[in-house]
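Before anything else, here is the set of structures, which you'll find just below.
Both complexes below contain chain A, partnered by chain B and then by chain C.
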Partner chain A sequence: MSERADRDRGRWASRAVQALFLIVLISLWTFATTLGHVSPILLPNPLAVLNELIDVLKSGEYIGDLRVTLTELAFAFAISVISGTIVGYLISRSPYAIKVLEPLLAGAYSVPVILFLPLYVLFFGLGPPSKIALGATISFFPIALNTIAGFGYIDKIFIVSARSMGASNYQLFRFVLLPAAFPVILTGLRMGFTVALLAILGSETIASLAGLGHRIVHLAESMDMARMFAYITFAVAIAAFLNAAVSSLEAKGKR
Partner chain B sequence: MAPAPASEDMLATRDALATREVTRRSFWRRAQAFMLVRPGLARLGVIAVLFGIWEIAARFYVDKMFLSPPSSVFTSLHKVFLTNGVPAALRLTFFELFIAFVLSIIIGVSVGLTVGLNRFSHRSFMPIILLLYGTPQITILPLFILYFGIGAASKIAFGVTHGMFPIMVTVIAGVQNIKPILLTSAKSMGASRWHIFRWVIFPHMIPSFFSGMRLAMTGVLLGVLLAELYVSTAGIGYYTTLFTQNFDPTKLLGLISMLAAMAIALNELVRRAEVRFSRWRSD
Partner chain C sequence: MTDEVAVRIRGVSHAFGEQGDTRHVRALLDTSLDIRRGELLCLIGPSGCGKSTLLSIMGGLMEPAAGTVEVGNQLVRGPMPQEIAFVFQENALFPWSTVIENVKLGMMFQGVRKAEREKRAKLSLEAVGLAEFAEHYPGQLSGGMRQRAALARALSLETGILLMDEPFGALDEQTRMVLGEDLSVLLSRTDKTIVFVTHSLGEAVFLADRVAVFSARPGTIKEIIEVDEPHPRKPEFITSEKFTRIRNQLYSLLHDEIRKAVSQSAASQRAAADKSSRGAQP
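Let's look at the complex of A and B:
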């Protein structure tokens, strides 16, 4: 009983430290911009940022950029999910193919795909297609690798026993292979989603016509710092929300 | 009354054919077996086929302005180095990568140990670290340019933000995984704090630390290259943009393939080290 009370007290203390951390950060920010001599071009006042954020949300100015970014993300993720799971499944059917192809995919995964962005812009133009292609390329590898890991390393005894009990191909897939592989594939999908989001925001930042990344760069270049901070906050919140949503879906699917 | 010689002849022919059949089949069998025990060779074959497709596509189907065949990319690899400023750019990018990586390790390990070795600080600060790790740092890239200028400093700083979090998280995870009984027994045998760190905590940290290093290297590479592609006046990012804008795919692909090969090699190096230093666990 007392141990539990102890643990509860510890948890409250941790929460307090976290809150304190946030408060110190924000008050440092406020003091630096109001009392200190920090130029508002380098660091805008938090209140100004909050006002801009409210203005952005109220005016609905973000909708166009958000739609572009989310559309790109949806297309990129759909492409990589379909191609990644199919390629991964086909490779996982033969141990020899796994042995030959998995190291190749793993090696390709370690290449910083962002390097190909100039090439993709050359091929697909400045618009959404180049972002979709980059996002799909980057997220293909974790999805394919995890699909291989999921389907390829199932204990033989399950397959043999299902077969000996007379399971058809479909039954084998539906009741043995898929349940065994699903959690691993889900992890791959989550990783793929995260990197696709990063790649799309990144390529929008570097070269694009629209999207959240584009908006942030545009505001940075016009030195509209408070609004830029507001948009950064907005983009980070969207990304955090999407990642949290995907993580909770993953946890739900694994159960 | 079949003539005996003819029949013998026929038999001989049949035998010869059969032997040839057997040798041919066994040749294929042997070739198959040969390939089966050597997946590396098959891997090379796959790579060769991919390069062949690229070569054919580039030679016959795609505009020369956009894609050049691998043969001409590799034969003109030296021209990339001859381009004014490319060697200096490579040196600069490597310098940025190196500094960013070292800084990530220093920051990551010190923060990771501070947070991980104490239960209270772990519970307080781990959520904050995970939250920061999860935010897409790319959204604040313009700020880094603003604070650190368009030179090497902003690339290093941006690389560090990508590299330090994986190290922190893996160091914390490694330290947390130690069985309390090991610490207790070391303590009861009279080990000092330093001894406990050196002989209990440190060996436990090493394997996860190496996987963190691998993640950090990928992160640092991503961060530095992103910042260079975003804005730079030197470095690899500048030259990839330059070659793209000049419609010079031969040099662009040469540069990209060199960097890709380098990334794969570095990754493999750290992976080997990881396997080597984790060996004590399975023994």
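Let's look at the complex of A and C:
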């Protein structure tokens, strides 16, 4: 009981330090922009940013861009989940395939795929399809690799003992292989989701017709800094919310 | 116990690895054995003598290079879940399921009807003294309790034959002793045929009706010793003169074989080291 109280206190203490850090950061920002001589073009006042943010939310101006970004994310993630788990599972079936293909995939994972964006734009145009393709490509690798790790390295004793009790192929998959691999795959899905979101927002800032990233660059080019910061804040909040939601789903699935 | 044969092993040989490879190991050589219905037979021998291999072959988990195994009058070609249940040395419980789910899953694999599973799972958990821990996950149990749970899973399958591959091998001496006593009590109530692989001389004498002693690699059965003592066996049996006499007899049979096995493994390590150092030269 007291151990738990200690743990709770520890958690509250670290939360307090985190909150303090944010408060200090925002205060510094406020002081620098009100008292200091920082150009509002470089760094607008936080109050101005807040006003812009309220305006953005009230006017509903963000809805179109948010819809584009989320739609791209949904398609990209769906594609990478389906292809990543299927490819990963098929590779995991054969130790030889694991030996040959896993290092290949791991190598490809470290390639900065964002460099191929110009190529994707040439193939798929400036609209959402090129963002979807890029997001799906980037998130395919962690999902496929974790699926291989999940299915490929299951303790043989589980399989042998299930077989000795008469498990059919389907039962072996459903009640042994899948639950054994599931937590590892889930981690891959979370990682894939995070990098897909990063890739999509990033590629929207480089070449796009709509989306949150597109809006932010557009505002920067028209020197509307306070509104740009408002959109950045909004995008960060959305990303944090989505990542937290996915992480909690992951924790629930692993329970 | 009757004279009826439950498992008939004829001329079983087995080897691991390709012929000519340094890692080629002849594990079993022309082994024949009749296991009587209702007896508890211990397989004992030096490490690597093929006793676990023989157990896997008996249960249809491995195919022998030569020879046959018959259960009843049926040739063993693969797992026989209706006739044979296993308890393994390592923890073969599924860590993502609770103890009772583990037990029920085994019966589901075997094809027991759903209504029946619940009842049998409870009974077998009670039999091994784990009724209170039915809803625990294997990770929350001690090693001894996990092996009890694995035993409950095997018992719930209600097979005529139980194959146990060093089930207490990873446990400490005291836990082993208690589990051994409990097993002896449990078994006196069933008419199961049990084959039990162990390294421990004391465990073999305490549990077995017969002890089959293996020679060093390539393993084959050197001698079979009867332990004429009714089940359930009392702790006093361990301190009896009879226990000591049989244990000593086993020890003298095993001693030379263990020496042989130790020098074998030293030699094969040296060969492997020689080979790798030669390979390292430019």
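Note that the second predicted complex is superposed on the first by the 236 of 255 C-alpha atoms of A that agree within 3 Å, B and C clash if a C-alpha of one lies under 4 Å from a C-alpha of the other, contacts with A are read in each partner's own complex, and residues count from 1 in each chain.
In this text, contacts are C-beta pairs under 8 Å (C-beta built on N, C-alpha and C of every residue); 3 or more make two chains touch, one makes a residue touch a chain.
Bear in mind the structure is a predicted one, so any value in this text is a computation, not a measurement.
Asks: Report clash or fit for the pair chain B and chain C bound to chain A in the combined superposed model.
Replies: After superposition on chain A, which the two structures share, chain B sits beside chain C with no clash.
Asks: Tell me which partner A:Pro179 touches in the superposition: chain B (first), chain C (second), both or neither.
Replies: second
Asks: Of the partners chain B and chain C, which touch A:Val111 in the superposed model: first, second, both, neither?
Replies: The first partner, chain B, only.
Asks: Have a look at where A:Phe123 lands relative to chain B and chain C in the superposition and call it first, second, both or neither.
Replies: first
Asks: Touching A:Ile232, do we find chain B (first), chain C (second), both, or neither?
Replies: So A:Ile232 only meets chain B here.
Asks: After superposition on the shared chain, which partner residues are touched by A:Tyr153: those of chain B (first), chain C (second), both, or neither?
Replies: A:Tyr153 contacts neither chain B nor chain C.
Asks: Can A:Trp12 be said to touch chain B (first), chain C (second), both, or neither?
Replies: The answer is neither, since A:Trp12 touches no partner chain.
Asks: What angle, in steps of 10 degrees, lies at chain A between chain B and chain C when each chain is taken as its C-alpha centre?
Replies: It works out to roughly 70 degrees.
Asks: When both complexes are superposed, which of chain B and chain C contacts more residues belonging to chain A?
Replies: Greater contact footprint in residues on chain A: B.
Asks: Would you check which partner chain A:Ser164 touches, where first means chain B only, second means chain C only, and both and neither mean what they say?
Replies: In the superposition, A:Ser164 contacts chain C only.
Asks: By the touch definition at the top of the document, which applies to A:Leu198: first (chain B), second (chain C), both, or neither?
Replies: A:Leu198: touches chain B, not chain C.
Asks: Give, as a whole number of angstrom, the minimum Cα separation of chain B and chain C in the superposed three-chain arrangement.
Replies: Superposition on chain A places chain B and chain C at a least C-alpha distance of 11 Å.
Asks: Need the overlap of the two footprints on chain A, from chain B and from chain C, as residue ranges.
Replies: Of chain A, no residue contacts chain B in one complex and chain C in the other.
Asks: Could you list, by residue number, the parts of chain B that touch chain A in their complex?
Replies: Of all residues in chain B, those touching chain A are 36, 39, 42-43, 46-47, 66, 119-120, 123-125, 127-128, 131, 134-136, 138-143, 145-147, 218, 221-222, 225-226, 229-230, 240-241, 243-244, 247, 249, 252-253, 256, 259-260, 263-264, 267-268.
Asks: Which residues, counting only chain C, touch chain A once they are in their complex?
Replies: Per the stated touch rule, the residues are 59-61, 79, 81-82, 84-86, 88, 90-92, 94, 96-97, 105-106, 108-111, 157.
Asks: Using the touch definition from the top, list the residues of chain A that touch chain B in their complex.
Replies: Listed in rising order, the residues are 10-11, 13-14, 17-18, 21, 41-42, 96, 99-101, 103-104, 107, 110-112, 114-119, 121-123, 197-198, 201-202, 205-206, 212-213, 216-217, 220-221, 228, 232, 235-236, 239-240, 243.
Asks: For a test of understanding, state which residues of chain A touch chain C in their complex under the given definition.
Replies: Its residues touching chain C are 155, 157-158, 160-168, 171, 175-176, 179-180, 182.
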